[in-house]
Every structure is written in C-alpha cells, then in structure tokens.
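Each structure below appears as structure tokens.
Shared between the two complexes below is subunit A, which pairs with subunit B and subunit C, respectively.
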Partner chain A sequence: MTNLEKYNQAFCTTFNLEEAQLAGLQYQGTELWDSVGHMGLIANLEDAFDIMMEMDDIIDFSSYEKGKELLKKYDIVVG
Partner chain B sequence: MTSLSGNAVITGARSGIGLAILDKFASCGINVWAVVHRQDEAFLSHLEHLQRDFPVWIKVVQMELSAPESIKAGVKIILQDKLPIDILVNAAGIVGENRLFQMTKLEDIRKVFEVNFFAPIQMTQLLSRVMVRQKRGSVINIASVAGLDGDPAQMEYSASKAALICATKKMALELGSSGVRVNAIAPGITETKMLDAMDESVKQDMVARTALKRIGQPAEIAELCYFLSQKESSYITGQTIRIDGGLMTCKA
Partner chain C sequence: MNRLSPDFELDRYGIQIRLVCESDAPFVTELRSSQDLAQYLHLADGDVEKQRRWIEEYKKREAEGKEYYFVYFKDGQPFGLHRLYNIDWTHLSFTSGSWICKKGMPNGLCLTAAVIVMEIAYDNLGLLIEFIDVRKENENIVRLHRDVFRAIEYGETELDYLFLTTPESRKNSRLKRFLGLPANGIPV
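Our next item is the complex of A and B:
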C-alpha cells in the first residue's frame, strides 16, 4: 500500500467518506470531523505510519492538504 | 475474580502505592511497564522474583516525570513494543515541604505540579491514543483525600491532587465514547515514605479521625486499583473513590 493509499484510507475509515470527497476537505467540513473524530483520525494515522505526532501538529492538522504537509516532518511523503 | 491478563503502565512503580499496584497486577497476570525515576538492585531483584513467581513480564522504563521530553521519550520506548495498553496507572507523586503558603516559592509549587498533575496529563494524552485505537482502556489516577478535603500543611500537594481530580472528570467525559474509562483513587493516610513528610501531630490527628483508627496499607489501595482496572468496574468512570478508613472531618 502506498503512503497516499494509507493516508486516504485513514480519512475514509475515520469519517466514512469516499476518496473522491477528500480533496479540499477541512476540519469540521464533514459531519464526523469534529474534535473527537479528529483524534480518531490522528490515532489511525499514527497507526498506519507508525509515528507519534506532536501536540502542535495535531492542533495544526486543519485539512486534508495540511496533513500531508505536516507528515513530512515525520519523513512521511504522501504523494 | 478473573484476571484481564492485560498490559499496564504504572508510574511511580518503585515504591509505595505504585509498587503495591505492580505487585498486585503481576500476581494477577498483568504485564507491566514499570515507570521509575531510578532503579536499584533491590527493585530489580524484586522484579525478577515477581517474574519467576507469576507468568508475566515486567519492563522497567526510566522517566524523569518533571521533564516533558523525558516522558515523551519513555512513552516512545513503550510504544515500540507495539503491544496493547489496557491500563495506565498514574501513581507517581511528590510532596513539597511543610511551610506557609506565603513562604513558598512559585518554582517549588510548579515542581510539585509537574509530577503530580502535568505528568499524569501528558502520560494520559500520549497513551490514551493507543487506548482509543483499541476502543478499550482504563486510566487510574492516584489522587489523595488532600485533593478533596485540603491539607493544612501541603498547599501545592493538595492543589495538584485537586487539579488531577478535576482533570479525571474531563478526561472521562472525553474518552468515554471511545471505550476508555478514567477514574481516580483518593487514599487517606497510607503507610508510604511520603508519610515521613507529614507532621506527626497531623498524622496522629488523621488516624484519630478515621473510623478504622489505623493507617492504610498500600496493598489496600492496590486492591481498589485492580478493581478499577478490570471489567468488573466496566460502568464506573469519571469517579474519585475515597479509600481512607472512614476519615471524618471530626473525631468520633
């Protein structure tokens, strides 16, 4: 599985979405992406990429695109 | 009572209540990451005995609980094992000196808060993510009756424990829907090294005010902790449970 596939799967699983709905997605932009859902997303991403995200990054993780940028800090390049 | 046979993280596991909890968990088949500030031969030998007597592993993880970076590094070591984490017991705690609050430096108050409040918060923040992923877990914060009733001698200690009690409710509310329970235990006067820091007259007064007229034992606290860690307490969360021998505000 590629990093992009893992990344997308974390979003789709957490928020019950299709891949086609992910581009441009923002925090609270879909029903399940509330604060509780956000932590679920972080948990799934940490699990998928075997990382432990910093609190600052968890707070800054404001969109689908922003998340890709933040993951670079953990040497995860999402295509 | 059947054992969960799960995995637990216990801070302050080298002595006092933390060690009693470690002993109880090991005897019930629960594996433990024993978080300690420092280790010594006697402690390591005790762990060897436990691992020989019971079918468990015990891993020592050194952390400086007043240093967030040290906590982060220690938690990374625990997570590297890639094992489920079923229980977190935040048992480590320190007391300040007995003195007037008017004569207490802010840095000394902060030092107590770092270990008694911020460390449990950080440990729970980091490890509850695993529990949320698992959809199960039990966090037990060792608070104190001082956090509920106040303490004439220990402002920073009782204030930090009161903060921990309030945080326990918030954490329980937030993590409950993910299957993670968070409770606190508020021991009264208990036979630990911490008791040495207590003024003798305060100690005698507290014992006199207990219905049972004696000091509690760490093993008694460990029994309650074990109960809160298991499925037998599956509908209990957000609570602070006193275990104080029937401590009253006035003498019987």
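Our next item is the complex of A and C:
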C-alpha cells in the first residue's frame, strides 16, 4: 500500500467518506471531523505510519492538504 | 479489597478529584439536567432535593465499596462527574459511566480527568476489567471508545454498544496522547 493509499484510508475510515471527497477537506468540513473525530484520525494515521505526532502538529492538522505537509516532518511523503 | 475512604481526595495533573457528597447536589443536578450535556445519560429532572436524597442513598453503596461517584475540580471550581459502579470484587470488574463535563471545558482537561478516575480504579482499588455501555445514538462517545480508547467491543443491545477494557487492551489506548488538546469541548 502506498503512503497516499494509507493516508486516504485513514481519512475514509475515520470519517466514513469516499476518496473523491477528500481533496480540500478541512477540520469540521464534514460531520465526523469534529474534536473527537480529530483524535480518531490522528490515532489512525499514527498507526498507519508508525509515528507519534507532536502535540503542536496534532493541533495544526487542520485540513487534508495540511496533514500531508505536516507528515513530511516525520519523513512521510504522501503523493 | 481496597476501599476508598469517604474523605478520599486526589490532586493530580492539575485536577482535583474527590467523592461526591450531599452538598454537591446542586452541581450534579445542574449537569445532569442539562438537555445538551446529559441527553445520553439518565436525565435528571432538576430537583436538587431529589438529587440530594439520591446522593444520601449512594453514600451507603459507597461505604460498602459498591460504587464511587467522583467530582472533578479545576482551580477550586467543579467541572465534571464520573462514576464507577457495579464493582465486582470477586472478578475485579466495574462499570464506568455517568461521565459528564461542563460545556466549554478543554478536551484535554476532560480526558485527563477520565485518566485519573481510571488510575483510581486500577491503582488505588486494584480493579482490572472495565465495562462501558454507550448509547448507540451517542456517536461521539462511541467513536471515542473505538478510535481513541481502543476499547474491545464485545456486544450490543437494542440501545447500547458494549465495550470492555482489560490491562492488555489498555496498552493500545491512545487516550493519553491527547491530554494536551485545547478547548473545544467533548460532548460526553
């Protein structure tokens, strides 16, 4: 599975979305991406990439695109 | 059997916790009669005297080690409640519930308070297995148990999803990862 596939899968599983709905997605931009969903997303991404994100990055993780940028800090390049 | 004394108090991670007493009846009533906050709990009817009598009865169960009802405080102000009940000293199991925090409290604070209550259950009381019933409609808390607490889902009833945690399953919990999250409010 590529990094992009893992990344998308974490979003789709956590928020019950299709891949086509992910581009441009922002925090609170879908019903399930609220404060609780945010924790679930981070937990699923940390599992998928075997990383531990810093709290500042967890807070800054405000969109689908921003998340890709933040993961570069952890040597994860997402498509 | 490690019982808590009636004057049990704990100050940990910047949060103070003690057992509910009759003088807490107004606060308990305020939280538990809030339609927003307590919609998935047994909604109280706003009668403080009835709540006081309930606490009086609860104190008997507390004295027998059957149940513990906690109040969370931050800077001297109460902000939440949490209850351990159905304590089974033979199987060292318990049910946790009635978790409720005032609106607008930081997520991290509510989660930290829950961590402290679990530490009391495991470390102070020596209990091992936690059962949790979550109303199916309470989607946020269902997701919290599945995705963050990583509790084991072992069944369901018409109304509830049934979860449990064991010492082994708790190693997978991500709860402590999110204690620093700022305000937003977890709708427990």
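Please note the rule applied: the second predicted complex is superposed on the first by the 79 of 79 C-alpha atoms of A that agree within 3 Å, B and C clash if a C-alpha of one lies under 4 Å from a C-alpha of the other, contacts with A are read in each partner's own complex, and residues count from 1 in each chain.
As a working rule, contacts are C-beta pairs under 8 Å (C-beta built on N, C-alpha and C of every residue); 3 or more make two chains touch, one makes a residue touch a chain.
Because the structure is a prediction, the values reported are computed rather than measured.
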Legend entry - Side-by-side fit of subunit B and subunit C on subunit A, or clash: clash
Inset, instruction - Using the touch definition from the top, say if A:32 reaches subunit B (first), subunit C (second), both or neither. - result: second
Inset, instruction - Quick one: name whichever of subunit B and subunit C touches more residues of subunit A. - result: C
Inset, instruction - Mind working out whether A:59 is in touch with subunit B, subunit C, both or neither, as first, second, both or neither? - result: second
Legend entry - Contacts of A:43 with subunit B and subunit C, given as first, second, both or neither: both
Inset, instruction - Could you list which residues of subunit A make contact with subunit B in one structure and with subunit C in the other? - result: 36, 39-40, 42-44, 46, 52, 55
Legend entry - Of subunit A, residues touching subunit B in the complex: 36, 39-40, 42-44, 46-47, 52, 55
Legend entry - subunit C partner contacts - residues on subunit A that touch it in the complex: 14, 32, 34-37, 39-40, 42-44, 46, 52, 55, 58-59
Legend entry - Residues of subunit B that touch subunit A when the two form their complex: 72, 75-76, 79, 125-126, 129-130, 132-133, 174, 177-178
Legend entry - In the complex, subunit C residues that touch subunit A: 107, 140-141, 143-144, 146-148, 150, 174, 177-178, 180-182, 184-187
